[in-house]
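Two complexes, one shared chain (subunit A), two partners (subunit B, subunit C).
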Partner chain A sequence: MKTLIPLIVMVSALALSIPTVAETPQEKGFRIAAKSDRMDRGFGSSIAQLEMTLKNAAGQTTTRTLEIKTQEKPNEDVGDKSVTLFFTPPDVEGTALLSHAKILDSDDQWLYLPELARVKRISSSNKSGPFVGSEFAFEDLTAAELGKYSYEWLEETTLDGMAVDKIKQTPRYKRSGYTYLIAYIDQDISQLRKIEFYNRGATHFKTLTQSEFKNYGGTIYRPMMQEMNNHLTGKSTTLRAKSYKFGIDLDDNEFKPSALSQL
Partner chain B sequence: MAQITLSVENLGKTLAEFSVKRAWLTIFMCIALVIAGGYGGKNLGFSGDYQIFFGDENPELQIFLDFEATYGKADNISFVVIPKEGDIYQPRVIEAIHDITTKAWRLPFVSRVDSLTNFQHTYAEGDDLIVEDLIFEKSEIAQPGQMERLQRIAENEPLLHEFITASNGTATIINAVLQVDRKIAEDVLGAAQAARDIQAEILEQYPSIDIKLTGASMLSSAFSEVAMQDSATLIPAMYLLITVVMLLVLRSLWATVAGLLIVILSTIFGMGFGGWLSIELTPISVGASTIILTIAIADAVHIIAAMRQKMQRGLEKLPAIVEATATNTFPVTLTSITTAIGFLSLNFSDSPPFHHLGNMAAAGIFMAWILSITFLPAVLTLLPVKYEVLPKDKQNGSVMKSLGAAILRRRYAAFILTAATCAVAISLIPRLEFNDVWSKYFDENIKIRQAIDATRPHFGTDNIEFVIDSSAPQNVLEPVFLQDVKAFSEWLRMQPEVAHVYSVSDIMKRLNKNLNEDKPDFYDIPDNRKLASQYLLVYELSLPYGLDLNDRIDIDRQRTRVTATIRDTSTVEARTLIKNATDWMEKNSQFGATVSPTGNTTLFNYIADRNVQAMFEGGLVLIVAIFIIMTVFFRSAGIGLLSIILNAIPVFVAFGIWAVVSGTVGFSIAAVGAVAIGLVIDYTVHLVSKFMSARRHYGKNNQESILYAFDTAGTAIVATTAILTAGFALLATSAFKPNTDMGLLTAIAIMLAMVINFLIMPGLLSFNSKEKENRL
Partner chain C sequence: MNSNLQHLASYKTAILAAIVLLPFGRVVLAGAPTFTPNIGVELRYFPDSPAFDGQLEHVQPSVAFGVEGRWVSDDRKKRVRFEPFLRVDAQDSERTHFDLRELTYSQRLSDFDLLVGSAQVFWGVAESRNVVDIINQFDGVENNDETDKLGQPLVRLGKFTDVGRFEAYYLPYFRERTFPGKDGRQRGPLVVDTDAAEFERGGEEFAGDFALRYQHQIDKFDIGAHIFYGTNRSPFFKLNGDGSRLIPVYQELTQGGVDLQWTSDAWLLKFEGIAAHSGGETYISSVAGFEYTFFDVKESGIDVGILAEGLYDNRDETQTALTLFENDVFLGTRITWNDVQESELLAGAVVDWESGATFGSIEFETRIGENMKFEVEAQILSSPDSEPLAQQERDSNITVRLTRYF
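Moving on, here comes the complex of A and B:
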């Protein structure tokens, strides 16, 4: 049986490589990205508890804890809905951000401020802006939406000993702060291992590294550790997942502005 | 004294005889040595970092680097747009601003671009908070009422008015923040060049506007620009000058060629040595080439002038070369040591470019010394240098000898008068004031100076950063603290030299208003800390790409930064403002907040003090060193003391004169003392050594010995003074003001030193030798 494994691998590799013959780099890039994106299709909804540590160039750090609830939209042309709830620092406890992601347009966002006891809609086109002072943009944090980019497969390479596909992703959203991203998707479980971000001057200015992937049943994986390093400013942000929950039945009503104050 | 002089003279004679006999071998060895040193020149490049002026230990620099690590780098390039006619609120100008903004985003290392068009305008619509670029699409510019809208918003927004847009719309700024490694010159220069390319493109497209480039990165690039300009203009001028002077003094084309060779080879070695030390050239250190040249020529002139005198008095060429070299080996060696020590003492300076200047100059001086006593006799042997023998009656009684005799006759009067004059001049020194206007470091033909001059009528041109500390994490959001920040910002705005204040208190006030349906009553600091924190969260979520709150508040929310843009001020005015500001906070803070100032141009406010302090120590060490050297070489503590007095006095007198002429000194002046003392000690060395050798060797009495010293060293002293003064005066034509001051003041000191040495020496030497005669 053991001797058969290499054979199976070879055959399947051969089988997988057949379509590439006729494929353009764009199609191949899209196919690999789509596979990665669709791996966790059907999770329905998820709750992630995260600890975000910000570090500046002087080495000072600060930590924030938050929870992100995401309701997956089956339609790939419609963005997911999410609620971000802040726990610490204590001054912002109970503050909640509701976002209806749009693929090619500004997201709809509402923020509940407990001290003001009001829900405020924030109309902003700054999707690429830093998320609460971190090196992550809000668009980096939320689940990758296939339609946000156009794709081009560049090459097959290795990353930390893994075979990965290197794909160039160009944002289709006009106001994006990025000219393109270089994504590294492993060939084993099709997860995003690393993304290099290129700014408007086409300079590689930050890098996201995702590690400690954990399986949540089926083909659903999540990184326990995400680290964003800004090479220009010397600042970095780590995002450590404390827990992920999947398949919880989240009511549509929880993703309405009026629900924010009840959280 | 006699032994040392004799042994050095014997060594000189041996060397000279060898050099004359084996001329080609000597030349070959010297050139090999020069090539070995000069090859280091391949490592030389111009620095692209204005911070090179600050030593690693400089406390202000440390504070500033920490500030940058906390709030982000302060390097920037500002495009100042000035419409040729009318104000900026015309569609064509706004289009240009929009284009520059877009293009500036593509500058290398850019992390943020701020302009009128991409300003994040926030306002409320009921419970909606709208955050948008003032102009996003270019097509919005043509909308009816758009110009009026822009003007209204700009004039009422504290973060725009007089910061991005000048009052009355006379000009506007597009500011690009760069995260560039200042240590990599080509990156800084590349960014500056990219900005110039954008400037050229836009000017071509929009002839109705003018664009000037300022900012820290342009300043950095200006330093290398001015260094390059200096080396392109000063050095050729210098060569022309010394050629003329040598022709006049030496009266021989071939002797001049020999002198020029010494100069060129010494310069190559000195600069190449800098290359081996991985020195980055600055407008200051580029001056080393001028200085080496000046000193090398002085060495050569002493020897060639002596040879000429001997040939004119009937000696054959080769013996004349050997004897001229031998008798000058001692003074040339000693003056090389003292001058080199003077330059090496620049290592005490707080500003590394002065270390570079000192070390390269010292290396060049060392090489000039070696070459003068080996290469020069060899080359003179090979070159067809000719001097006619003068008739007997013209051989004695040089002009210098007559001068010496005249002074000797009235030596006491000369001594007292000179001493009195010096005392008066020195008493004026306290009138000197340390003051620099750093933007005026640059000559008017340098672009950064033109840009600052053009910006000045519209905007402040300097930043002072005030870091306000709330003493514990999270405290920044305490309402009482925020009230302090607000009051402090308002106080700053009332100061006449302050053009703009960028403060988190304005952001807070606006947020409070925006989140309360834009009700004007809420345009104030929120009265509750949690609310303030939550507002900041809103602010953070609304920020565009490239901006974050840490630009204003540090990461653990203990400190916040208030930026005051001030109109072009002198360092004295700036320091007064800083002091008043910190005092104000101490007196008025309700929270107990403290203020510490920093900022890139603020660094320059303290550089003169630092350098003067450091060079004061350096000067003391130098004086002690010179005292020891002179005492040892001349075997007389009296001579050591005499040297110090004779040479410190002219430098002090020069400062006294400067106090009347200019009244202010900048940071480069600190270097003058050490350099000048190291240089002018040469006069004393030459006069005293000739005086001593007349007494010891030829058994002459005091008066005869003084006359002998004037006769043999006088002409060379006048010639070297002419060369040194001219050299430093030429440095004064530098496009870099600190060089101008340093050059001018050193030139004054050198001239004074010659005059004072001539006037006082006969009197002093009479005292000195009288004592000795009594003892003997």
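Moving on, here comes the complex of A and C:
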């Protein structure tokens, strides 16, 4: 028995050191993305008040105010649940979208139309379509679940003076409008700083920049500013967070379709 | 004139309700309530001259006033919604009407949730017609396509359980359907005398209705079921003493129904059906169909949906004279631009495949700037003389509506 102990220690030491040496770019990409994703575990629930500004190529702007309530997934096999409620423009005031995110399947989505007081289950296979006329596609907004992509680490580089890892993410779910994404994750607090989107023709056509990160306790961070630029159309959409609230006791029943009529 | 008095009475009720709520509001309203008033100008144009005496000639202008008011408590458990509606019509005095579309207070208790007030409740999944949607009365004078509904006074107790949501309704007051007056189009040769309405159930409007509702979601299925006992929302009509007017008769109704939707990728499959007993007759009525959407057509961002539904009702058409939908087929398309203005077009037609009678409509809406909504709605009616719809064949029309929100 005694003689075995050094061997076990040796083997364990090897086991600990070998993966970092022999880690494939895929494993490294996944590890960094997973670290970034898991930083966020345990946020529980949040309510975000957001202002979305849509700008066309001529510089004209339109503003929407919305609130997103999110209930964290119980584990990584399922997605978060969220309710997006619109306050302005006034003709869509009270319109709400309930989403139960899935990993590889289509999300379950229900839309509440206040004019008819109607809750409607809608098809969510329109991943690539624009979200309420913005430069964000539906797939950009459904919670960025770890399992939705395969990963490949490309290189270490700098972005605005930060050391970042550059990772290629390829969607694993059906009907994505992207062939792949290039994500930039900083090495300091492991947050997504920038994503470049490549369309079906593999042209880099959109860029998302996330900035002004704020800490909400522990390892939980949120960007106060998200900006999506479309390089083909010259249009852009910014999402500015007016406030984030965490730790609210959100009832699971608030994320059921029949609760939408009582928002 | 009586009906004007009635409008005045309902208007007074609204003011009274507002006064009653106001002090209550001051005490309880911790979060700031929001009010979004709107004014809509509407112009309805009938290309054909009228078929019956007294009807307006071609142009029907009107103005609508509304408010979207809401308040949510800081703990998000108490809510108030306030949506009054007033239309002033230049031609048809019956269409000048006030309604409390919504004035409700809701509260989540530990296990239950409670809703009290004048409310809008929608049940159903279909597009052309919702046979299970029984709680609210149609505002028939506002629009004849069964989309506008009158606020229904109710008390609702709801409970979420692991096997679905259960709701119990008590509806203390019955709302009569509204109909165009003598000056209005989209009616038959005789005007409906709403002041002479008759009720089969004792207690008349105050007889009280009851309903139970069940809803659940299992994977790709959305399931609903209900039972209802009370007064039928659809009246039958009899002639008055001198045969000059129609008297609506509201009968007792007992009904049960189910609504189902199956959603998978771009497919929605829908079914609604009821079995009912009313006026000494037992009947079934159902609608079943599908919606398929081509998303992001040619990467344009535009979605194009195709809708098809079959409508079935085993009642004799003579008994349901003012129901446009019997054994018919609905075909339609929905185009969603997904643009900043959220432009949308819905075009469809209900066709009776035996007689060829057709009720077609095209609706387009878009936003102008940040605070204005523009809508165009065209209705095309065509029917052989044998069909009830033939009475309204000259009432094809186009409506333009511009609403400004403040």
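The rule is short, and it goes like this: the second predicted complex is superposed on the first by the 242 of 263 C-alpha atoms of A that agree within 3 Å, B and C clash if a C-alpha of one lies under 4 Å from a C-alpha of the other, contacts with A are read in each partner's own complex, and residues count from 1 in each chain.
Simple rule for what comes next: a contact is a pair of C-beta atoms (placed from the backbone, for glycine too) under 8 Å apart; a residue touches a chain by one contact, two chains touch by 3 or more.
Because the structure is predicted, anything quoted here is derived from the model rather than measured.
Trainee: Once the two structures are overlaid on subunit A, check if subunit B and subunit C clash or fit side by side.
Mentor: clash
Trainee: Identify the partner contact of A:247: answer first if only subunit B is touched, second if only subunit C is, both if each is, neither if none is.
Mentor: Neither: A:247 stays clear of subunit B and subunit C.
Trainee: With the two complexes superposed on chain A, say which partner A:91 touches: subunit B (first), subunit C (second), both, or neither.
Mentor: So A:91 meets both subunit B and subunit C here.
Trainee: Contact-wise, after the overlay, does A:256 reach subunit B, subunit C, both or neither (first, second, both, neither)?
Mentor: Second partner only.
Trainee: Between subunit B (first) and subunit C (second), which, if any, makes contact with A:118: first, second, both or neither?
Mentor: both
Trainee: Of the two partner chains, subunit B (first) and subunit C (second), which one does A:203 touch, if any: first, second, both, or neither?
Mentor: first
Trainee: Now for A:57: first (subunit B), second (subunit C), both, or neither, which partner does it touch?
Mentor: After superposing on A, A:57 lies in contact with subunit B but is clear of subunit C.
Trainee: Which partner does A:233 contact after superposing on A: first (subunit B), second (subunit C), both, neither?
Mentor: In the superposed model, A:233 contacts subunit B only, not subunit C.
Trainee: Which subunit A residues come up in both lists, the one for subunit B and the one for subunit C?
Mentor: Common to the two interfaces on subunit A: residues 54, 56, 62, 89, 91-92, 114, 116, 118-123, 125-126, 128-130, 132-133, 175, 177, 200.
Trainee: What residues of subunit C sit close enough to touch subunit A in their complex?
Mentor: Of all residues in subunit C, those touching subunit A are 34, 36, 38, 68, 70, 72, 76, 79, 102, 106, 108, 113, 115, 119-122, 125, 147, 158, 160, 165, 215, 217, 222, 261, 263, 265-268, 293, 295-296, 299, 301, 303, 338-342, 367, 370-373, 403, 405-406.
Trainee: Which residues of subunit B touch subunit A in the complex?
Mentor: Residues 66, 68-70, 72-73, 105-111, 120, 127-133, 136, 179, 474, 477, 515, 528-535, 537-538, 540-550, 554-557 of subunit B touch subunit A in their complex.
Trainee: Over in the complex, which subunit A residues touch subunit B? Could you list them?
Mentor: Spelled out, the residues of subunit A in touch with subunit B are 54-62, 86, 89, 91-92, 95, 97, 109, 111, 113-116, 118-126, 128-133, 137-138, 175, 177, 199-203, 205, 232-235.
Trainee: Please output the residues of subunit A touching subunit C within their complex, sorted ascending.
Mentor: Its residues touching subunit C are 54, 56, 62-63, 87-94, 106, 108, 114, 116-123, 125-126, 128-130, 132-133, 175, 177, 200, 248, 251, 253, 256-258, 261-263.
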